[in-house]
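In what follows, subunit A forms one complex with subunit B and a second complex with subunit C.
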Partner chain A sequence: MGPDEDLPTLLSRNDHLSILRYIRAHKLREPNLVITHGTALLGYNATEPQKSRPTFTLDPANRLAATEQLCMAAIDLGNSPLAQVTLEAILLDVPPESARYRKLQGMHLESIGNYEEATKIYDELLADNPSNGYAAKRKYCVLASQNKQKEAMQALNEYLEMHPGDIAAWNEMAEACLAVSDFKGASYCYEEVVLGCPLDSNVHMKLGEVYSTAGDFKLARKHLSQAVLLDGDNLRAWFGLIDAAEGYLEDVERRSAKSKKEVDEESVDVAKELILFGGEKLMGHYRGTKMGKLIASLLKESSQTL
Partner chain B sequence: MMPPSSSQRRPPPPPLLLDSQIRDWVVLPLLLIMILAGLLRSSISKYLRPPPKPVNIHDRHSKSLLLRTSRLKGPNGNYLSEGRWEARRIAWSSRGDSSSSSTIGYLRTQATHIESQKKQETNNAEESIPGLPNMTDPTAMLDGMKGNMASMVQNMIMMQGISHFFRGYILVKVPFPLTTGFKQMFQRGLDLNTLDTSYVSSVSWYFLVMFGLRAFFRLAMGDLNQEEVEGIEVQKGLGVEYPTGPPGAFDAVKVLKVEADNLELMGCKGRKFCVDEAERGLLGKRYPKKSKRRGVNDNGGEVLFGLTAGKGKQKSI
Partner chain C sequence: MSKITLSPLSQVKMALHSARHGFSPTHGILIGHRSANSIHVTDALPVCHEVPTRPLVNTSLRMADIYLSDKKEEILGWYTANATGGDEPNVPALRVVGSMADQSGDEMIVVLVAVEGDRPLCTVFERGSGKTFTQKVDSSRMECKDAPVRDVVNRGIRGMSNFSSEYGEKGLAIYDYADHVSSYEKREDLDLRNWIENKAVADFVARAAAR
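This part shows the complex of A and B:
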């Protein structure tokens, strides 16, 4: 889908329509580009939207799609006059009860801070069709942007009850859990995200960090190892791995001092090896930089505890 | 020197001469008619296509649940550690009577929840409109068929017309010999045993062209353009879609129960959890070698016989 050429070629040719289609097809978030080329294509005036003279040369499907895109970009950049003008233009071709139009309208209201009206629109949309996932998601966003932590989490929870397959929502939930220091909940959510995108190094890293914070060092080590396996340049994961391994050693020491239970020696050896290996890798990354000395002294400290 | 058997064989029948009038007045017009009819059909079915309908919230919910379980069942599941994977599997599928966990699995509770809600909805509907049987909305049944109707009706009429006007015509000869097995396909409407199979009758020509033109139509009318594809995507998010198939074909309750049973029967044996092997993979040759304590599972035995992971989850935190 989308134009065959890549974005730089299209930009150099100044092919407005293809640039917009490319951005849509690849789901890029480039509001500035969209404003530049969308206004040029459709004849809007970004600085003084009231003076726009929209052209109608494109066929309706293309024009509506581009206008919607332009409206979203205007909302994204906080250019609410332009968003208002494009919304009015969309209304020329589309009935006012269209769900797609009302969603845009709601987002515009959100962007100018009129949360009550926006919520009203989303509630109406949900009453019309309870399967409307966008409206349920936006309701959460309205609450989140007002910093109503508890209500936002409730709304997100409601959404996830109905749409448990939505990975992005699980990720959002994980971050919300982290914000209230609910590490157990966050680990559950991140596990769900891992199931959705198993090859993303960052997700494994975050899951490992959450486990590590919650005190489950063994699982933390596994996921952090997976993170650096997937992306060897993920330095945060390397640091996390060293930290988790150290945490594991301390944990084992504390427990064996308390209950004299037998220690899984193999796992201890692995943890020590992980610290050394991770340290070497990190040193390799920082060699020759200003940070090098600092990192070296830090790592030396941790390797002395072995 | 010819073998004796060949001299006894019947001489090949003289080739039939097909009148060039047949080509000009039957073969080519038929082709033209079919192309025009195909274009007409596609534009008619576009208008007959029913508008997108809101998806039933229960259907959407259960489809989303299925998406979630399919991730666990598929290769993605290998990126969780064994204990966590097993804990999820049991939490979603348990029947509540086994010793390992006392609660009924999530999928099963969702299934009963949806079932009771549906029952309530149909009860409400019956109260408001007494006498209307549930689930059978005749217009909804019709909607799914409308799109196919146009092509079906058209095909029937065309076939009748052709077999009426051109009965018994031989239109074309394919330039290669064929076995008698192709008689059914190439000489429909002709009952001549002695006729060579490479001659094509009028009705068969119709069929050949009908199937052969599909690729041509796809080229001529083009696939969906980008805006249409995006529109369908947006509709999915808005919870509406074009109805496919008759209503009630997707039974949310049944599907969820089947999925729970499937999960129940899955085991972590035979699965390779790559997260559990990640440390070994990372350290490679530097992984410390120790052959003792073989019997102890890496997770401290929490998944003994694949049953006790529910408790192991708490232990491991």
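This part shows the complex of A and C:
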């Protein structure tokens, strides 16, 4: 596989080994391709795995890597017999107490719904090495797939205490918090994600939306403004910014009706300007489109409330 | 409230939206009209394939309102599909429909969509005595046939996953509001991803009905 070769080129040549390598190197999730080319390369039968006649023409390192990859693909597609056969083949080269092998075993047990045995394996892996991030994450996945939200969040929390730098895990926790309407928790998690990806417009947008939903319109404005500064084509952030500004004005009106506390006039002016400015920017994107008329009506409604 | 009807178009749209985003929750708006003792859902407008936030819900509902302003139809409720199964609508969907009902003062429904498994494609819930939308509407009050719609849904799912010449190069696609406002390459994409009309799906259902 040369440095300039892409997947379509390798597929056209039917270069099984290079295709598998490419998929591994680029961390692609293409289980169908892996099964097609992995079974052809290694001599397995995907539809009748028990009739497989594995070949041993490859060197041990390449054969083991390809077999592991084929096993993961079989698990991904729920082909339990093929997963079982490839697990047995891996055992020919690695001892059964290998952490990597046990991880695959755990994933296979998960895929057939045997969560109890899978969790046992992950607990053993964590007992051997408490910083085994993979086992901790799989424990969370087992609980999440059983809809045990509370226990899943607890497991993910334990993982994050050991691995606070895992941005993807913070993102997952944020979504778990949102699913149970814990907006305060979700905003805390998205703040961690923003620390890790400060120049990602979509992350600021998500945080802004969560603050808006939680009723903190000032912080919502801050992050949605940052989102559009980073990416002027982020329409969702523009709409969100207008909504947050409107929310802030409604909030101010509600509070001033209840108490005689002084209104922050500057902030109110900023909110009004944001609505008009956001509207202009959005119409710039929608000009000449069929949806433009509907968007114009929406933005006219927003500006008329000012 | 007595009878509830879900049109084939609304059911297919809800199902295809859920099928397209199999591992995520999906949410959307139900539109149609009310008569003396019944609710007729004529269409579904897909909103998002994630937990809905205030800006997503507010903006999509306002756009739906403007779209319906010159039609004799109105917003009737919300639909959702759970990410990991379950027999009741998820908490965010209950929160949204509760808020819609409180603000409008109208009776609302929430539909739970389940594309896989043996459960009905669409299960309708209404507000119970506990004020949450967890009271299942009895099938005797429902006027929609599951089996023919399932066939259309299955064909639609195949159309989404195959690059079939019947649907053009991109296959049969259904877009929600979140897709519409995601990054786009050219201005024409904004009309292509028209989440309110989803013309390709509407045409597909019309062709299926004509067969």
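Note that in this section the second predicted complex is superposed on the first by the 278 of 306 C-alpha atoms of A that agree within 3 Å, B and C clash if a C-alpha of one lies under 4 Å from a C-alpha of the other, contacts with A are read in each partner's own complex, and residues count from 1 in each chain.
In this section, a contact is a pair of C-beta atoms (placed from the backbone, for glycine too) under 8 Å apart; a residue touches a chain by one contact, two chains touch by 3 or more.
Since the structure is predicted, the reported quantities are computational estimates derived from the model, not experimental observations.
Colleague: If you count the residues of subunit A that each partner touches, which comes out higher, subunit B or subunit C?
Modeller: Per-residue touch count on subunit A favours B.
Colleague: According to the stated criteria, A:Ala40 is in contact with first (subunit B), second (subunit C), both, or neither; which is it?
Modeller: Neither partner.
Colleague: Applying the document's definition of touch, where does A:Arg221 land relative to subunit B and subunit C: first, second, both, or neither?
Modeller: first
Colleague: Where does A:Ala25 make contact in the superposed view: on subunit B (first), on subunit C (second), on both, or on neither?
Modeller: Touch status of A:Ala25: first partner only.
Colleague: Is A:Asp166 contacted by the first partner subunit B, the second partner subunit C, both or neither?
Modeller: A:Asp166: touches subunit B, not subunit C.
Colleague: Touching A:Ala127 in the superposition: subunit B (first), subunit C (second), both, neither?
Modeller: neither
Colleague: Just to be sure I read the superposition right, which of the two partners does A:Ala99 touch: subunit B = first, subunit C = second, or both, or neither?
Modeller: First partner only, subunit B.
Colleague: Show which residues of subunit A both subunit B and subunit C reach, each in its own complex.
Modeller: none
Colleague: Which of the residues in subunit C end up touching subunit A in this complex?
Modeller: Those residues of subunit C that touch subunit A are 25, 50-51, 53-56, 58-59, 62-63, 66-67, 83-86, 90-92, 95, 178, 180-184, 187-188, 190-191, 194, 196.
Colleague: Residue numbers of subunit B touching subunit A in their complex, please.
Modeller: Listed in rising order, the residues of subunit B that touch subunit A are 54-57, 60-61, 63-68, 71-72, 75-81, 84, 88, 225-230, 234, 237-240, 274-276, 278-279, 281-283, 286-288, 290, 293, 296, 299-300, 316-317.
Colleague: Considering the complex alone, what residue numbers of subunit A touch subunit C?
Modeller: Going by the criterion above, the answer is residues 144-145, 147, 175, 178-181, 209-210, 212-213, 231, 233-236, 239-240, 243-244, 247, 285-291, 294-295, 297-298, 301.
Colleague: In the complex, go through subunit A and note every residue touching subunit B.
Modeller: Interface residues on subunit A, with respect to subunit B: 1-2, 21, 24-25, 61-62, 64-65, 99-100, 103, 128-134, 162-166, 184, 191-192, 194-196, 198, 204, 214-216, 218-219, 221-223, 225-226, 228-229, 264-266, 269-270, 273-274, 277.
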